[in-house]
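Two complexes are shown next, each including subunit A; its partner changes from subunit B in the first to subunit C in the second.
Here is the complex of A and B:
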């Protein structure tokens, strides 16, 4: 089943979110609108808005209220991508040149700032103090995670704990909060939005681990960027951590980071990672998170949205791109 | 009279704000704390918190509430300075190396992101939807202003209108909003916080024009950076605009932007600006804004804070650094 089929009942609302996203970056500054639209139209799964809407279904669902949360969270995600691309010195995202590659780092920085600010403007429509506290706290954690990521780059002395902490801040937190805020925006009960937060957190962890696996197992065409890009950019992900239990492989990674011609080396590294069992072990960690996510669903009332969340969790474990 | 003497009755509260500012950047990431404290301890006038507190005096003043607004606005100002220094490629601010010079652009970007997020966390303590709407809208305007500033750099085809629009977004808006939000946080009447907004706006415009004048008339020692730094970084300010009415001078500025050795040229340019009447004409524009600010005060009830605002407005017109 295709991802979109799992929440086909949300189609009208998702189309509305898409329109609101486009409108939200219309300004009198052609440069900023162009840069923002460039990113927006490069696509993306819009997984955060989907989680917001689905979570909203556990309360008094009203698209005119949840839409602000859905748009705000996608904008925050987009803004952090723009700033990430500056850090990663990335030239491509989703098969298109990044803002920093097409324009420059300064434009990327301010486009990110602008998109962040627009997301706050969206959220200001939500008259719930708790929602603002949750969101601002999340943004603090996100920015700390970004700094952490810089520090951890090219750093081979990492372990499972530091990796999990990093992807928690980088990905899981925002998905958890998407679920939580969707429920808060429709006045779902406190116990429901706590469970939804946990669900989002576990799915988010699995989602990022899968992403990190696909960076090695997928094709350049499907990724929209070269295979092994994460490692080439100095990001030590879970498959690399497992593979580095072999000291000879660790030496190879160290060599990769300093080598001038990386092509042959990275191919060699990818081949080893695939044959070492590191992929299977990573998948196993991801599956454990997904099982936890599915267990959480037992605590939630039955409805269409719960069914969709279940299917999405199942999908994350199997996705190929 | 020294600036600080004008609001000596706020001393205890300002000391509290200073402590809160320091606490607000304490994290488990030494890099981010160090970078933030570096900026914080470089000083600055804390003019935004002072305006927040003074404006708060027009309502039911309670430092435990206004402090959140005061800290949030100073943090937003700090964050935008950090990002500005990346754009301006500035190596010094307030006589100290900038974050981007001491660390690098990436650290500066994320330190800015972190400080922005912390300011939102502070503001989330204010349970007033209007305040959040005003603040988020201000942040959108600020980021648009930043993009505008990039576009306008080294661009000689500017006029008074584009200059005023730029400094409105760059400086006046945040000071206006400091006054407005201080009053909102203490539940002052709507008419009061509207007048305070106008007061802040006019003072902010004069403040920035004065800053732009001092860039030419002050000493490197007092500025904490070389005289003429703004122009060297490609920022066309009011004195330059006036002086460029002379085509020969305009040619010189154009030459400066492309010249490899700028030392003699910039000295020559500064001398001309000072002798051309451009400084006096700029001061005149600043004085007009200050007069408007002082006129606004007539609409406000008499109290200690109003007296202080009057003295600050007078001070801005005479300040030498």
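Here is the complex of A and C:
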């Protein structure tokens, strides 16, 4: 089943969120509007808004209220992508030129700051202090996670714990709070929004691990960037960590980090990762998180949203791009 | 209640800010952010002037200053290609992230104290500032008044939104002029020292830069002089600063006259 089919009952509301997203970046400065729309229209899974809306179904669902959280979280994600492209010095995202490539770093910084401010403006429509405390704490954690990622780049002395802590901050927290804030925005009970946070956290961890696997197993076309580009940028992900248990492979990675011409080396490295069992072991870790996510769903009341969350969790483990 | 003088308040706020900015990893790779002490003095004087309790000062001062520092930090992100130079790339990466981190902290502080309305006001000011920055950066307009309007927004929107929040029109007008003049004179000084200033660079084909800037400064000094004679109670440190600013302006004028 395709991802969108799993929550087809939300189609009208998702279309509304899409419209709100486009409206939210309209300004009297054409360049900011153009740059933001450029990113917005490049697509994306909109997974955070979907989680917000689904979680909202566990309370007194009102799209006119929950939309503020859904739009705010997607805008936060977008703002971080714009700045990430400056950080990674990336020229392409989803196969299209990045804002920093089409204009320059300065425009990317200003556009990212604008989008982030716009997200907080949207979020401020939710008059619930706890919701803001949760989100703001997450924002700080996200930045610290990114700083940690820079710190850990090209560092071969990492372990599973450092990797998991990094992806928790990098990806899982924002998905977890998407679920939690959706529920808070519709006044779901505390126990429900806490369970939804746990669900989102586990799915988020699995989502990032799957992303890290796909960096080696997908094609450049599907990824919109070269295969193995995370490793080329010095990021040690789970498949690499597992494969590095072989000292000879570890030496190859070390060589890659210092080599001038990396193309031949990366191909060899990808081939080894695929044949070493590292992919299967990483999938196994991802599956464990997904199982935990599914177990959490047992504690939530039955409804259409719960069924959709179950299917999404299943999908995350099987996705191919 | 212990009543501190404004000197102690400013020093105390600066110290607290430095603690917040002190991320051990970031500071290894980027310059320690500069705290705009004029803005800090203006904010503390304003809050003090409207009788905000000393213990409540940080909940307004810290987030506003953190936003300022976040935006200033992002201004430092370089646009030059880095090639294979990892250390320059790392410095750039951490500059982006340090700014994002300070932005997150501002939101964290406002939500911690439950000031949801201020979150909205400040977010709106950040939007305006970035729109104005892009207009200035792209030199979208050739109109001097427009350029000055954008520059004024960049330099004063945050303090203005704090004044709006407390509905203090007089303070708003005064601080807007003060920050506008001090920033303009600062840009002029930077330009004269051979440092980049995209405002001054954009003004260069509009006539004599010094004359353009000084005519803007003159208009603002009239407003400041009026406030120095008014009933608005200003503390000694702010009053001293205003007189220094007016003297600096006179000095600049004399330099032009002599030239």
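As a convention for this text, the second predicted complex is superposed on the first by the 321 of 321 C-alpha atoms of A that agree within 3 Å, B and C clash if a C-alpha of one lies under 4 Å from a C-alpha of the other, contacts with A are read in each partner's own complex, and residues count from 1 in each chain.
FYI, a contact is a pair of C-beta atoms (placed from the backbone, for glycine too) under 8 Å apart; a residue touches a chain by one contact, two chains touch by 3 or more.
No experiment lies behind these values; they were computed from the predicted model shown.
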item	value
Partners on subunit A (subunit B, subunit C) - clash or fit	clash
First, second, both or neither for A:129, with subunit B first and subunit C second	both
Touched partner set for A:270, first subunit B, second subunit C, both or neither	neither
Contacts of A:156 with subunit B and subunit C, given as first, second, both or neither	neither
On subunit A, the residue positions that both subunit B and subunit C contact, one per complex	27-29, 31-32, 83, 86-87, 105-107, 109-111, 113-114, 116-118, 120-121, 123-124, 127, 129, 132-133, 135-137, 139-140, 142-144, 146-148, 150-151
Residues of subunit C defined as touching subunit A within the complex	23, 25-26, 70-71, 74-75, 77-79, 82, 84, 89-90, 92-94, 96-101, 103-105, 107-108, 110-112, 114, 116-117, 119-120, 122-124, 126-127, 130-131, 133-135, 137-138, 140
List of subunit B residues in touch with subunit A within their complex	27-29, 31-32, 83, 86-87, 105-107, 109-114, 116-118, 120-121, 123-125, 127, 129, 132-133, 135-137, 139-140, 142-144, 146-148, 150-151
Complex contacts: residues of subunit A adjacent to subunit C	27-29, 31-32, 80, 83, 86-87, 89, 104-107, 109-111, 113-114, 116-118, 120-121, 123-124, 127, 129, 132-133, 135-137, 139-140, 142-144, 146-148, 150-151, 260
